[in-house]
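In what follows, chain A forms one complex with chain B and a second complex with chain C.
Moving on, here comes the complex of A and B:
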């Protein structure tokens, strides 16, 4: 009963949030609208990491690499070869999946601290290419003047409101794909692996293969976020995929609530808004961001959604014993 | 020939600096399994504190000592207040130490400003040894000697003293070590402060050759991690060999394949880890 009670709330909350996101643009200043667009794109990235961090229990320190792979695909293909939206999108997602397929072979041999460290080294490989492979990536200058996508639609994505709806569509698509995945038997198996790998193995599940497929999905959706990011920003540089970005994605997931999908999206928008709004008022926003990192772990180790869930459980009447 | 010798020398001296930074980090990893994102900040803040001592007309040796002691105290404080309770929670450790790294980065900016500085080195350490057509800067030779001395002292402490035996026991199996009456918490605190101490030494020493500047913390941090993972967490021998490998790979990579230099550094690391996930000398 307790679970269904919360899920009832959850459905209502998701509906309301979705509706608000849909009708919001005309009421927002252009600054807030760009921040909301950014939030949506980062939310996709955070949700993709949630598949391996929240559902499978593997903390990756190199997830920014997939953002970078998607973004650089768009940057290079559209500025050098004049590729259109669908080609760049397919290439970005495909490249991210292929790289995840290679990285997964290496990284999934380890767990815990070792997994963290290996994904860090792999993330640095991608960052290093962006930073130094100047003939391809223009190094630290980055690739600029990436044109907004042109689709056979009556409105132009160079305008901020249509682009917002493009990002929203991307976000909803990613959200529903991931939601279907985590509610499927496959997703439940991932949760089982998180809770007890040895038990799942004893039950006859192919643990490695499940982790590997989860890793590929996370990489592919991460690449999708990167594609949107490059189009949104019109610019991609190694700073987008540095170590600090990877840690920031971890923070987004942890702040919102691991293994809830909605939580990481919420965490991503909080961090994006915080970074941009606070930096308007003070130069000391790094201090505040640092405090958010520490505060999250001290006060909300299960994230905002986790804390809310505990709170609603405590508020609801004590369950009957027979339910357990 | 000259190219190879000079580059090898540069690589070894950079490796020596990395050893100072990563030797302590490796022990911290091995003993507590703590992923410490603040380690680069210790390096940077150590350099800044050392710089301040020099500005107050203190001698170079005092700059190293004061920098290292101040940072060791900061490390102890951070460990006692937060990290002690986060044993086994990798995500919590990464995020907490990252939070501290950002705070320290900003404090560094507030206190010392955004300009890059070079720590002036003593007269004795300036100049270069000449050997035919080749020059070997005295300061780089000095770094190699400092790293050698630290390695020897660490090795003696670890292998020849009672405290060292307790440390090794903790690395091998913390639970059993606790069971036979070793104060694992105290040992862990000492090792954590030792790691911070050495990182600050590296920071002051590096201040004399690459300088102290905002951003140096996150620039050097991945290198320290890579040394530790390649060598194997908690292994002194691994840290020595890992530092030399990373120093040499980095130097030759940058000299021979400038476009792919970071790739030539991190890809071999990944390859080693693919074969040995616990590093060259690490145990699971």
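Moving on, here comes the complex of A and C:
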């Protein structure tokens, strides 16, 4: 009951946010608009990590790898072979899924800290490739001058407003796909695995396969974010694949609230905006960012959306813990 | 009567001070103030601030409004900050960024937005070679510019035959070594070993242990603190004095020298600048810098200062009209300064400097280490003594090119 009540709120909130995002561009300066575009792309990435971190309970430190795979697919295909948007998109997502399929075989043997370490190592492998495979990736100088996508539409994506809508469309697509997945019996099984793996196994679920498929979905959507990221920046370099990027995605999910889908998206936009707006006023912006992280962990360990959810649930006379 | 006086007065005001009516020159400055490169980034900022202070914040009669932004040292961050400078702050011109990968990241953007950009530090070769862009010029030498004449000098004048190279494993290190490698072998020397510790490696010991025993010299190409550790560990291993140490510009940059000890004495390097350079312009610059910041100026601060000199000269040519992008760009590309701190400097048609390269030796004078100039090679371009067309046909310098024939 409470679950549906909250989802009623959630529906309204989502609708309002969606509407605001849709009508915002004409009222924003072009710089704010590019920050918003950046937030949307990072939101896709954070939501994809949420599938394995929030819903399955596996903290990965290698998620930047999928961003990089998607981005490098676009970079290489469009600058070397003149590939168009759809080809680059398909290749980027496919490559990310294939690599996730290989990495999953290795990483999913472990859980907890060990899973964290293995994904970290695998992420560094992809970073190393980007750094070292110079003939393909141009090393740490990166691939630049990636043209914006050309689609048979009346407007040019080289302009910031049309590209914003492209990113918005990508975000909404990713959001709804992930939302359908987490609400499906499959998604509920993932949550079950997070809560008690042994119980799910006793109930007859194929735990490993569920985790594996979750891992593939996260990789694929992460690759999708990478494709948009490369088009947005017009370049890709190994810096995008660094451990720091993976950690940042993890923090976005933690800040917004893991296992909420909307939370990571919120976390992503907060961090992107904080990073770029605060750094204008002070060179000590990293301190402020650090304080925000610590504040979240101490006062809202379930993240912003998690805290809001607890608060709305506490307001109603019922057991605190929803059955997820 | 009164209205007429008023109108005449108004006209006088308008005609006499056209500059004041034009408003300030908005100058954007991209540097790195957080992370591993924060210390060179701060020196870059010092360079531009010193320049503006000396010019009382005014160029060609117009006040200068400086915006310094921290890129955070990532390409994506640099692009975002460049966007902020152009779209939010509406700057007329950008000086920056610091690192090569940052410059590559913003090159297409500043070109599309038609914002003239002067790079005070980013040294990637191709930025002014195979991928030269109209709106970017460089106020500092590219990676391989000083090391090419150095290779020739090492073989012909120093008489060195066999060299091992060791450098940071990233594009700058690759290009620095490759320039030396090519010129050195073309002049009769042999590079017999190439080692690449990863960028940020804290222990150079294993690499020193790997050095071949029959070398005359080791050439180091470090962008920063790795040079400190390398020289210290080389001394500890007992090799100091047995093999000569040749260094690229940034490995014995003034900013590092002040943290080094006697182990650095005798290192020979090639550079477009030395704080100890004995010219009128440099004595003035170096002493002003020392007075303001208490340390010797180096690669990063002189880069930013020279970039500002370019801007000043170009502005004078267009009569202070910075809004005239075409004219300003033309003036920038035609810039030629006779009394820059590092000596005469002009730009080639790719927007890269042609200037003197100094062969320096680290010595202790007045209680501190300095780069004493021992030899000057005048008017060096990025193509050294190779024909331009032929040079551009070969692949860009990298870890693999030129191939190591004697390894």
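Throughout what follows, the second predicted complex is superposed on the first by the 316 of 324 C-alpha atoms of A that agree within 3 Å, B and C clash if a C-alpha of one lies under 4 Å from a C-alpha of the other, contacts with A are read in each partner's own complex, and residues count from 1 in each chain.
Criterion: contacts are C-beta pairs under 8 Å (C-beta built on N, C-alpha and C of every residue); 3 or more make two chains touch, one makes a residue touch a chain.
None of the values given here were measured: they were computed from a predicted structure.
Once chain A is used to superpose the two complexes, chain B occupies space that clashes with chain C. In the superposed pair of complexes, A:240 makes contact with chain C only, with no contact to chain B. Applying the stated contact rule after C-alpha superposition, one finds that A:118 touches chain B and leaves chain C untouched.
By the touch criterion defined above, A:134 lies against chain B and chain C together after alignment on the C-alpha atoms of chain A. Note on chain A: of its two partners chain C and chain B, the one contacting more of its residues is B. When the two structures are aligned on the shared chain, A:142 is found in touch with chain C, with no touch to chain B. Look at A:163: by the touch rule set out above, it reaches neither chain B nor chain C. By the document's definition of touching, of the two partners only chain C reaches A:276; chain B does not.
Once the two complexes are laid over each other on the shared chain, residue contacts for A:34 go to chain C alone; chain B is not touched. In the superposition on chain A, contact of A:251 is made with chain B only, not with chain C.
Only one of the stretches 133-141, 151-159, 169-177 or 259-267 belonging to chain B has C-alpha atoms clashing with chain C in the superposition, and it is 133-141.
Shared interface residues of chain A (contacting chain B in one complex, chain C in the other): 131, 134, 286. Those residues of chain C lying in contact with chain A across their complex are 33-34, 69-70, 72, 74-76, 79-80, 83-84, 87-88, 100-101, 104-105, 107-109, 112, 124, 126, 170-171, 174, 398-400. Residue ranges on chain B touching chain A, taken from their complex, read 29, 33, 35, 37, 82, 86, 89-92, 94-96, 98-103, 105-107, 109-110, 218, 221-222, 225-226, 228-229, 233, 258-263, 265-267, 269-270, 273-274, 277-278. Against chain B, in their complex, chain A makes its touches with residues 53, 59, 61, 105-106, 109-110, 112-114, 116-118, 120-122, 124-125, 127-129, 131-135, 242-244, 247, 250-251, 254, 258, 284, 286-287, 289-298, 301. Against chain C, in their complex, chain A makes its touches with residues 29-31, 34-35, 38, 131, 134, 139-142, 144-145, 158, 233-235, 237, 239-240, 275-276, 279-280, 283, 285-286.
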